[in-house]
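Written below as structure tokens is the structure these notes are about.
Letters are used for the chains, namely A, B, C and D, taken in the order the chains are written, and counting of residues starts over at 1 for each.
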């Protein structure tokens, strides 16, 4: 949904990475819920760095909200902002900016969205993407709804406003049955915290408990529980809705049951390495990818280097499996940030120098294996190759911890259009030549499935994960995009 | 000189680390010098995160300056700020805040300092500490000088103002001959860029050349050259002054020659791993420290983990030498920042959780070796131990990449007073018990000297480095501090 | 609608004055419409000082909007803000804050409001008050509308969204036929500028033409035309809607015709003295009020002083008619502003001293007539009396340029609840004693009508103006307020 | 000293007015002195609108200072700023910006200036201008002083730093005996508040007492006393120094006695109308000027209008004496402020329209007398004439409440260079033709002296006031300016 974050990215080449769109967090049953929400959002910051919003409810002041551009650490740490967010229940959302938003209305696109219904207010924070949003929006406007944002997620709240159900959880079920695509939602009423995942369970969502206080929380990832010392209870199941209030947690399954299809890229790149997804440590999975990669694509070399920071666990795994020494050949500047004014006298690759510096003394004269998580456009792979060769490396080999990214994601991840994806137009060998390196190997799709615990690799008739970005097999037809002319992969 | 930076620190436990006070950078002979200076300061940001200043000179507007609190990326990237800094010569300074500055006058303490003399203006940026500053200040005030800051460095410009020499480089020599302590200085006049290191060469300073433009630059570390694509020419020698103008670089040795005593802690922690100090790669030195440590202090274990981020190279070395697997047992939050409002319900170790999270799946049930760069107060060592044990580690062993820090630094590094240094009051075993871990080992002083290339270890009669923080042997008597009651180590 | 503006008020005792809620302005057919709108809003700033908003439309960027707290001069003068508002059509709104808005959502209440309909977008800026807004809002929410603000004016846009008409002007007629109360509206579509006044014409709205460019504009008052050099064409008639586009001005009369009831307080206080209302100069009317007052309520005295600034024209009239010298007995501080921190040692009447100072040399020993525009709570009348007596005046006589304000306004003016109005509970003599002055006289309602040009005074069966705040005769029953328990004046 | 204030000016045509440079204020013996100082500065804001500074002293925190651009109401009302200024003694300064200051160093020019001497610190706030500052600065720099600002006032603190006297008041006497020109100074040490006026007493300075608290204050004008409820005790005498501490007020006369020459323009324009200067009400003096003007320069007309706001008292006097009705023909916008972006389609006289609007209904068809305080460049007189004629006035007559301004001021007032002063190059009749009006009359210098109480007019051998801007007779030779080539009036 968004192309170029105004804020410094988590990964030095984020502009050449797939990007998660959002993280969601909610808490109920604690004093000063907003402070917990801010901490949860901080832990989920890697899922969305452009803006964030918090809604809380307090019996005296009603619903309160604050939406801000920038990092959580710079916005929801200010006493004057937090003082406007009283209450013992609250939800929050971190997000990227909307691509191509024009003018200056973007703050309106920052979630949570809020609606006042006859039976009370409801705030909704959504991670994912609604694939039939354009059609829903047209229909709703024709019937008299007024949209305040350009966000697809706003459809949910308008569908709820028009539901004939008499309470908010029922209205939400009604609304979500009209919605296609991927969603993990955290919502709240005056007294209830609600969590929902779509039937395929594409995006993550977990439930936690704050032991001493008796409070509950929902978070996109377990790292959001860790930061506030909450106990990880379980994942919300695909197709499940939980409604939490003073009496406890109630569970519903409002959608037709289907085999789940969790996003495999959450394991590869999106989630934090210290999170647990589907019972598996993300760090361990990434290390296992490196091990698989060393087995699938060995090469004689002197040094295994991660492309910082996301390539690190796979590089550790590759080094351990291959026996080739591990080292930090590329040093990342801790203070990456906004764009500097480039000196008028041309400096080549300024953008890269601001973020990374090659550890010349280490790589000089060596055959270097660089482990990166993915190749999207390939532009930064070329820049890194230049830097390493300039520093005197003898050979450069790329090992990529994911299969070739050949298809866009329509379930809540920002991907370039298909024609911009290097792997959509080139073979592995063509890519190697284009990047200009000695060898290039991607992990196989089967190898990736093995690394996430499917010992037999991918079952082509019933794959356990959504891997559309690699395979082109979309578990939900992206109807808005098809209407706009997107061509699905021909059935084989 | 400063205790608690307002800005997010580079190291998650910076408040329990020794901190470098400053970085200096200068450039001459390029269009829009300020943009180069900003980039150089950005590369040196780890040396001072609280504030920065730039002075430039342009024939039309004269001397221009801007001083700002905050990161270079957030201040000297703004077009409106940079537009006020025209000229082809400029210097910059990054710094920590002054401890105990009261009121709101601190921006006055941000360097470079500037003085208008009869023969023209001069700006001075100073890294180090003047150990007789209090006495000099008293004398200057008595003679009618008006100080504008609480910074010791301002003495230099007042001494220059009162020199009877007829040009600025000579006045600077005059002034610096009155000064005791450590200094690496970058200064400028309308037409000259000046670099000086004290006779012992305690702080680093390097000379670089911008090939295409014919420009020259000075930087605290080589990483400041790399970022702008400058070629590393050489280090400024201890006791050397270089004066650079359109005709080239002229070299002077205005001080009495003495054996050099470069700060060994620059290798251990202060400098960036991709910098070259004294012809040695900092990364390689740190890795070598890890190797030495594995030899000096082996232990049976399942996992070697760095305490991020500064412990990483030593941990890689320790793992390689010991054969114990290397892994990321502690994950650092990329978005560390300002202080969050802590939820009213008490959360234990909130401060740590904001910055780090244990990779529970990795450490559970394992005997873990944690490699850290130093122990100062020891408070964070305890917190990390708690986190690792909470996550289920079977044993916790600390290996420290420096000897026990038992003495304060008076040469430009912020250290707690001696009584706050854990190693000043406890033996290694007492520290182990106090931290509450299974074993604790520091590298020996000889081991550290070996790692920096002294095969024979430390020569006690003629040590090549300043290691006062470990040995208590101060190469320059800290006269102001002695006047205030500081007790030197008794001669042995 | 709002009680205490955060910004410095136009009148030094605005917190004891009735306050206009809003001003509206629109322009079509000019390059950079937003700059014209900003100027118009600046000229109308006295009608609303808390916040302002501008919407423009440009074929390339679509609808753009900016909403800001603070004065127009401080917000819509910034190049970066104005650059986000391209287009040749635009509307703007200045407003006071909403009383009792809690939390931090108030920016949502800043107009213009915007709705995207199936046939395109529409922005609406509203001056006035909808007296059946609560009932409308309830009904709309029940039918699935989601309100984004706490403003009554938002009803209009939701009613339009649900209209079955096929174009925006028709939808607006539909919507406004459901609305009770007072409104002067400026609205815009992609290509049309729309102006409407309610059937009674309670609030002003005028049409102007920008000669050279062929552009048209709408403004609450003629002073909004003067500032941009537009020619005053005519008032929009009560009950009229004008739709302006490239083809010119089209006029409609969508509401049932009724005798008009323009707000008489616009003449007394709200409008700027250089505006023309109903063909009459506001300045001249206020001067004429002073003349009437001198005839109705003469007194022997030495000096006629205005209470600055709104009492000035009436004081000039009183002095001229009575032959008593006119002088500035009270000097206003030009730099009135935000609240100062009061020194801990008590200073009596600090609030007043910040804004006014008595010209002691002038009033000492004199019998002083103070001319003010109105008495609301009476609190500031007491403070002024204290100041004048402290300065040594021999006698103090108040002459008030409006009848006693005994009833709240429900048509777009912020009035205290009835029990807080001094004149609702006291006779003229009781008020005189309570304030503590030698004499107190209000102009009679007939005298006020004579001053606005009704030679025969007020026709009680068919008054030409809305004078409910004086007479308690409300031309439109305030249905929401009656539902909340407000008691209308008993029919006589 | 400054040309174009960044902040909205007090007078709508301030850019065509002489401008006072500064106001000074100090207080001792009260809790939270800074709050009193801020209020005093607010009352003196008309004397300097560009920036302000406060210094206080508190035994615990020492000297504290804050300097800010902008209005006092916007800066020294903020709790976080005021919290940095503890103490029971404090001084403040309001000022215009320095003309031609380049780069971004101007905050350094904001007073008070501070110096730390061997016997303690001293802060100095200066109203006036030192006419031999350039020579003093050269000498001081040669002797080793480092200037931090481009302000002439900084010389005082450096001269003090080099004095051999042993206490601060004596050092100040020493320093001021070296200084030529005009000065009213408020200074402070840790325990003393000091006030000084130059021997001629060119700029005002008054002493006040805070009854209940026993505190004392010094202020440029009496309006600074009124705002905090202080009693006006007396003026500081020309050539007097007062030193105030816990024991009371001590008076010295350190300079050679000379006949005083108070600035007559303070009566005409600079001071606030509610201030008392030399025992005379400024308002009454201005009204008397109008009376004199009506006698000296009568004309048949229908209306007397002030040019707002400074022409008002003289217009009232003119109307009263002439019997011609007084009216507000020009209405001032209360919200004057920063520069708006001018619409691309040219609007004539935009600058004027933002600030003023003609009351068309009042002036149409009338013969109008406009009373203004002065004519400097004459540019705005032409614009006002245009506005009045555009509105349909039959005749326009200007009456000016000061003699022709033909000479620049060198004693603390910002005047254009002589060639820019209309009266320096034209006769009264030439000016009339150039402005394009029916008649133009300035008050005579004798008439002005009568209005300020000199019944016999000006004594040419011994004039009681400094009237150099009218007469060209400078009571102190402006030595720096003469060195730069300024030509004094030839002796007659």
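Criterion: a residue touches a chain if its C-beta (ideal position, glycine included) is under 8 Å from a C-beta of that chain, and two chains touch if they have at least 3 such contacts.
All values derive from a computational prediction rather than experimental measurement.
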{"item": "Most remote chain, CA-based centroid, reference being chain C", "value": "B"}
{"item": "Centre-of-Cα separation between chain C and chain A, whole angstrom", "value": "50"}
{"item": "Whole-Å gap separating chain A and chain D, where each centre is the average of the chain's CA atoms", "value": "62"}
{"item": "Whole-Å separation of chain centres (CA-atom averages), chain B against chain C", "value": "62"}
{"item": "Residues within chain C bordering two or more other chains", "value": "none"}
{"item": "In contact (per the touch rule at the top): chain pairs", "value": "A-B, A-C, B-D, C-D"}
{"item": "Parts of chain A lying in touch with chain B, wherever the complex brings them together", "value": "8, 10, 30-32, 35-36, 38-39, 42-43, 45-46, 49, 71-74, 76-77, 79, 82, 210, 212-213, 223, 226-229, 272-274, 276, 281, 283-284, 287, 309, 312-313, 316, 320, 325-328, 331, 333-345, 347-348, 353-354, 357-362"}
{"item": "Contact set on chain C toward chain A in their complex", "value": "61-66, 81, 84-85, 102-105, 115-118, 138, 141-148, 157-158, 161-162"}
